[in-house]
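Each in structure tokens, the structures are laid out below.
Two complexes are shown next, each including subunit A; its partner changes from subunit B in the first to subunit C in the second.
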Partner chain A sequence: MAEINRTKNIITIFVIILVLALIIWPFVYIFISSFKPLKEIMSRASFLPVDPTLKNYQTLLFARTPVRDFPRFLFNSLYVSVFTALFTLIISSISGYGIARNRRLRAGLISKFLLFIYVFPTVVLLVPIYKLFTTMNLYDNLFGLIIIYTALVSPFCTWLLVSFLENIPRELEESAGIDGAGTFTTFTRIVIPLASPGLVTAGAYSFITAWGEYMFALILISSNLKKTGPLGLATFTAEQYIEWGPLLSGSILIMIPVFILFMPVSGYFIKGFTAGAVKE
Partner chain B sequence: MKKGILILMVFALVMVLGSITFAQDQPLEITFWHHEAPAHRVAAFQKVIDLFMKENPNINLKQEVVMWGDAWVKTLAAIEANTLPDFQFGLPDFVTTMFKTGSLAPLTDLVEEIDEKYQIFPNQKNMYFYDGDYWGVPIMTMVMLMTYRPSFLEEYVGTTEPPKTWDEVLDYAKKITENSEEEVYGIGIGGAKNLMTDEQAYIFMASTGARFFDENGNITFNSPETIEALKLYNDLIKFAPPGAEAWSWGEIELNIAAGTLAMSPYFPSVQKRFHEEFDSNDYDAAHIPFYKDRTERGTITYPNEVHLYKDTLEKPGHKEAVYDFVRFMMRPDINAILTSGQEPGGFFPTSVAASQAKEYWDDPIVKRFENAHKIAMEALNDYATLYGFEYGKWVNIGIGDISGADVLADTVNKVVSGQMTPEEAAAYGAELMTKYSAPIAQ
Partner chain C sequence: MLKIRKNEIQQYLFLLPVFIIVLVIFAYPYIRNLIYSFYDISFGGAESNYIGLKNYTYLLGSGFFWESLWKSLYWTFGNLVIQLIVPLFLAILLNVKMKGIHLARSLIMLPWIAPTVAVAVCMRWMLLPRIGIINAFLTSIGLMEKQIHFLGNNTTAMPALILLNSWKFLPFGTLMILAALQAIPLSVFEAAEVDGATGFQKFRFVTFPLLSSMIWFVGFLAFAWNFNTFDFIWLTTQGGPGTATQTLPVLIYRTAFKTFRLGEASAVTVFIGIFLIILGFFYFSYLTPKEKQ
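On to the complex of A and B.
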């Protein structure tokens, strides 16, 4: 029996390693190639760089053109993502709390509608939103992106937070009430700290969604220097002339914030997604 | 009291006059979109812009880059919302799509003026001719040739002469692939449903004499010539590297440079990489070969044009500023900045005058690969054309949608992936085209 279990474990570990290798391989290849000079990238002479260089990163970060400024693109992405996460957390925590504490809302249409919005194909909203934003002077405006991203991720984050907020005992709020705390104080001092794993999950989710979004940014942003990271990265892939070096180094740089943000909170993230799965 | 009112009136008058003067001093803001994002291409545009603004300090020109893949959706959205630039660079099928929206202004007077002065190649300007008007001014153009690595031909075929017929191409490709034991593949062509396959496959169609439409705009895709072209494509792709059926932009450049490809019907722009990265002469381009006993060659060309929007006409001074800039770009010495100065082999002149300009031929990369440039000029002047635009006028306005849906590439993909025979695929492609077809009443 023990022998069978051991064999099973070995097979499981082998499959996990194989899948991990398949997933990680492109990232490793991109990372290593980003240190190769263009000649080596194009000639594909060896896997490891023969003449390693930082030129691709230098070009990416310091070579500016009137239509390309990659550090600025990353800053734009950061600005949009941070404020999207912030606004999403404010909206989702309030609405999530309301739903979690109201049985009728929780069981009713609103709760289901939140999930429906999450699975709704947002591409069909592209043209109406474009027209709306142009009339509202939000076209070619990074704040416009923040609004649309917040609107896109808030329903899902609300749904996500409901499952966290439901698990906070009402008795704690009642105790706070007896001690003289008002609804707002109870919400900010008791509920929010206790829901922090959920807030971290929702914040990370909204940040990552805004960080990598392409289609709305493409349609709503026109000025060269207001482009976000993904739009900026796409400019290296022109037809008939791909700028391989900066493209590879840009791909690495654009992944870094996601790694930095995601790795420390990955535990919360998984917990957040499974929190509502098992009812007590 | 009266003194106070007088001071106020004087103040108001000064402000009004000041604002008028200020407004008069403000340069005219002109924005245009183009689709050439690489740094050296943007730099070439900026060089032309700076030179123009030096001569015209009252005009402030601004370039914005919209990637080709995004240009259709972004422009259509901008038309809907009235956020168009003053003018934009485009291609023939792009212009037909925009024409259908009713947002374009004719440029006949400008095209005729420039043509008289510099002689625009007829096949380049005619791709923008419809209903007695020109709807675009071809500024620079692109052309595919038979690009190859001479050393591979010498080593594996025993000749430095490029193939002159498609049968020879097939023979060379087979010999190179077999004699090199698949270290070098004979031909670089793709088979995926994308623009690159559209363009490469059209060379085969043009070589066999196949057309999308007849002169009246009726679909003639399902023809013996198309079937011949598909058969030839399918025979040749067997000597392309594994996975070529899924290739997109960039793959051919990489494989040619890496030494795993000997020949490819492609844009001869890889010469820039050979010059700058490899310092090598082992790259050249030849005319597209003849198909069997046909006496006409065929290849693809893409005249990059400027088109103007009706909205621009409503802004005082904007049309004149755009006209001045177009005239400036077509000046042979300036045009060379956008062709050989931008990317030698990638962009070529559209006029006789610009094709003879000293500034063009003085470029070090052009000098190094001079033969390829001479061949390109001959092809542009002689036989290069574009699918749906072979008749010197627009015949089917659905070409933009047919091109956008990659119908030709889809058809090729069905053959090279073994899903259909060339006969079935030609019928399939013709049926797809019917959905988008909009023949122009003659």
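On to the complex of A and C.
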């Protein structure tokens, strides 16, 4: 019996590794290929670079022109994503707290409604948001992107935070109240620290979404100085002659911050993401 | 009594931030859309004339709207089938206790969190004929006789895109179904074992029914998301070759920002909105499990 279990285990491990390899190999391949010289990128594919080079990264990072200023694009993305995450956390923790502490709201339509907003077809917003933002001076303005991204993620992050916030024992808040703390103090000193795993999840989620968003950046940003990373990378592909080398290294540079941010918090992330869904 | 009242009002005040956002960024623009759809609006909005239902009659009478609708359904259901079936198996595979399984679960999430732009750009390169590794691989193992320009070919563009997009979204379904699997108490399986259930019977009669509400949930999200996909298609084929991958979201973008007919684009979005509201209504009223009291 133990013998059977052991072979079964080994087979499971083998299958898991195989499946993982199948799912992950494009990233590995792209990473390796980003060190290939153009000649190898544009010829019949070999897995490993014959003549590895840093040139793809050098052209992208140091051969800057006003039209193709990739470090600037990345910085714009960073700016937009950080503020999106910050605003989203403020908004969704306040609203999430309101829902978590009110049984009628929690059980009622509100949380379903937030979830419905999550699947709202954002493509239907293209025309009206474009018109609205042009009249409000938010067109070609990074702050406009921050507003729209915050709006896109905060309903879902609210929903996400509810399941974290409702697990905080009410007695803790009550005893803080007895000790003379007001609602605001209780919220900032007791509730927020206890909900930090949820906040990390929501923050990472909003950062990652804002960092990779393309559609609204495409319609709302026009000048080269204000392009975000995804938009900048995409414009490289629209050029007459597509330079695949910098495109590959650019893709890697856009993916790396997301992966670095995600891996340490992935445990929280997975737990937080699914906690609400299992209940729903 | 008064105390409770005050508390409740306070709790509703907490909801204000998210509600203001939903009103300003979702509800108001959507209503504007409805209004625009009755106008003939050129880009910049210098002149706009009320034309009644003309945008709608024009769309319904044109071949390209119906073609895009068909493309959208093809795209959505193609994605849906893969994104429901494969994650089910992946989740069962990953639902084991062993060293390193957490790392495996995190790694499997990478395609989902990777920015779409990067994935789309790299996939375009990998799919190219002569240069790309996918063509090289498929010909070398003898699956194909000659190289195919997958994204530049009317028949292959859509299936290729569906496979790529599904690869990106597999992790999401896997994660959700895995969580539902882990919420099933072990005692249920033990009871089934005592009754002499085989592995397959356990899956068919115990696991699967307990997962059904999560599968509907994932199905609903996947349907809505895929139906709305714009960036992935736009970044790989721009709806081409020709109109081979021009789904409704691509049609909206093209109509509004390439041919500058904003009113007409708004009319298409009204269709999409109604369609998804009906879908959401059905999901929430019939398919979500009733609250246990």
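We take it that the second predicted complex is superposed on the first by the 267 of 280 C-alpha atoms of A that agree within 3 Å, B and C clash if a C-alpha of one lies under 4 Å from a C-alpha of the other, contacts with A are read in each partner's own complex, and residues count from 1 in each chain.
Methods note: a residue touches a chain if its C-beta (ideal position, glycine included) is under 8 Å from a C-beta of that chain, and two chains touch if they have at least 3 such contacts.
Nothing here was measured: the structure is a model prediction, and the numbers come from that model.
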Overlay on subunit A: subunit C relative to subunit B, clash or fit: clash
First (subunit B), second (subunit C), both or neither touched by A:241: first
Larger contact residue set on subunit A - subunit B or subunit C: C
First, second, both or neither for A:151, with subunit B first and subunit C second: second
First (subunit B), second (subunit C), both or neither touched by A:185: neither
First, second, both or neither for A:7, with subunit B first and subunit C second: neither
Subunit B versus subunit C as contact partner of A:38, first or second or both or neither: first
Partner chain in contact with A:254 - subunit B first, subunit C second, else both or neither: second
Touching partner for A:175 - first (subunit B), second (subunit C), both, neither: neither
Contacts of A:63 with subunit B and subunit C, given as first, second, both or neither: first
First (subunit B), second (subunit C), both or neither touched by A:139: first
Shared contact residues on subunit A - subunit B and subunit C: 42-44, 126-127, 130-131, 218-219, 234, 237, 244
Partner subunit A, residues of subunit B touching it in the complex: 35-39, 41-43, 46, 63-65, 67-70, 73-74, 77, 80-83, 142, 195-196, 249-250, 253-254, 257-259, 267, 269, 273, 277-278, 343, 346
List of subunit C residues in touch with subunit A within their complex: 8, 10-19, 21-22, 24-26, 28-30, 32-33, 36, 45, 90, 93-94, 96, 98, 101-102, 104-111, 113-119, 121-126, 130-133, 136, 167, 170-171, 175-176, 178-180, 183, 214, 217, 220-221, 224-225, 227-228, 230-231, 234-235, 248-249, 252-253, 256-257, 262, 265-266, 269-270, 272-273, 276, 280, 284, 288, 291
Complex interface listing, subunit A residues touching subunit B: 38-39, 42-44, 63, 65-68, 126-127, 130-131, 134, 139-140, 218-219, 222-224, 234-244
Complex interface listing, subunit A residues touching subunit C: 9, 12-13, 15-16, 19-20, 23-24, 26-27, 29-30, 41-45, 47, 90-92, 94-95, 97-99, 101-102, 105, 107, 110, 112, 114, 116-132, 147-148, 150-152, 154-155, 158, 183, 208, 211-212, 214-215, 218-219, 229-230, 233-234, 237, 244, 247-248, 250-252, 254-255, 258-259, 262-263, 266-267, 269-270, 273-275, 277-278, 280
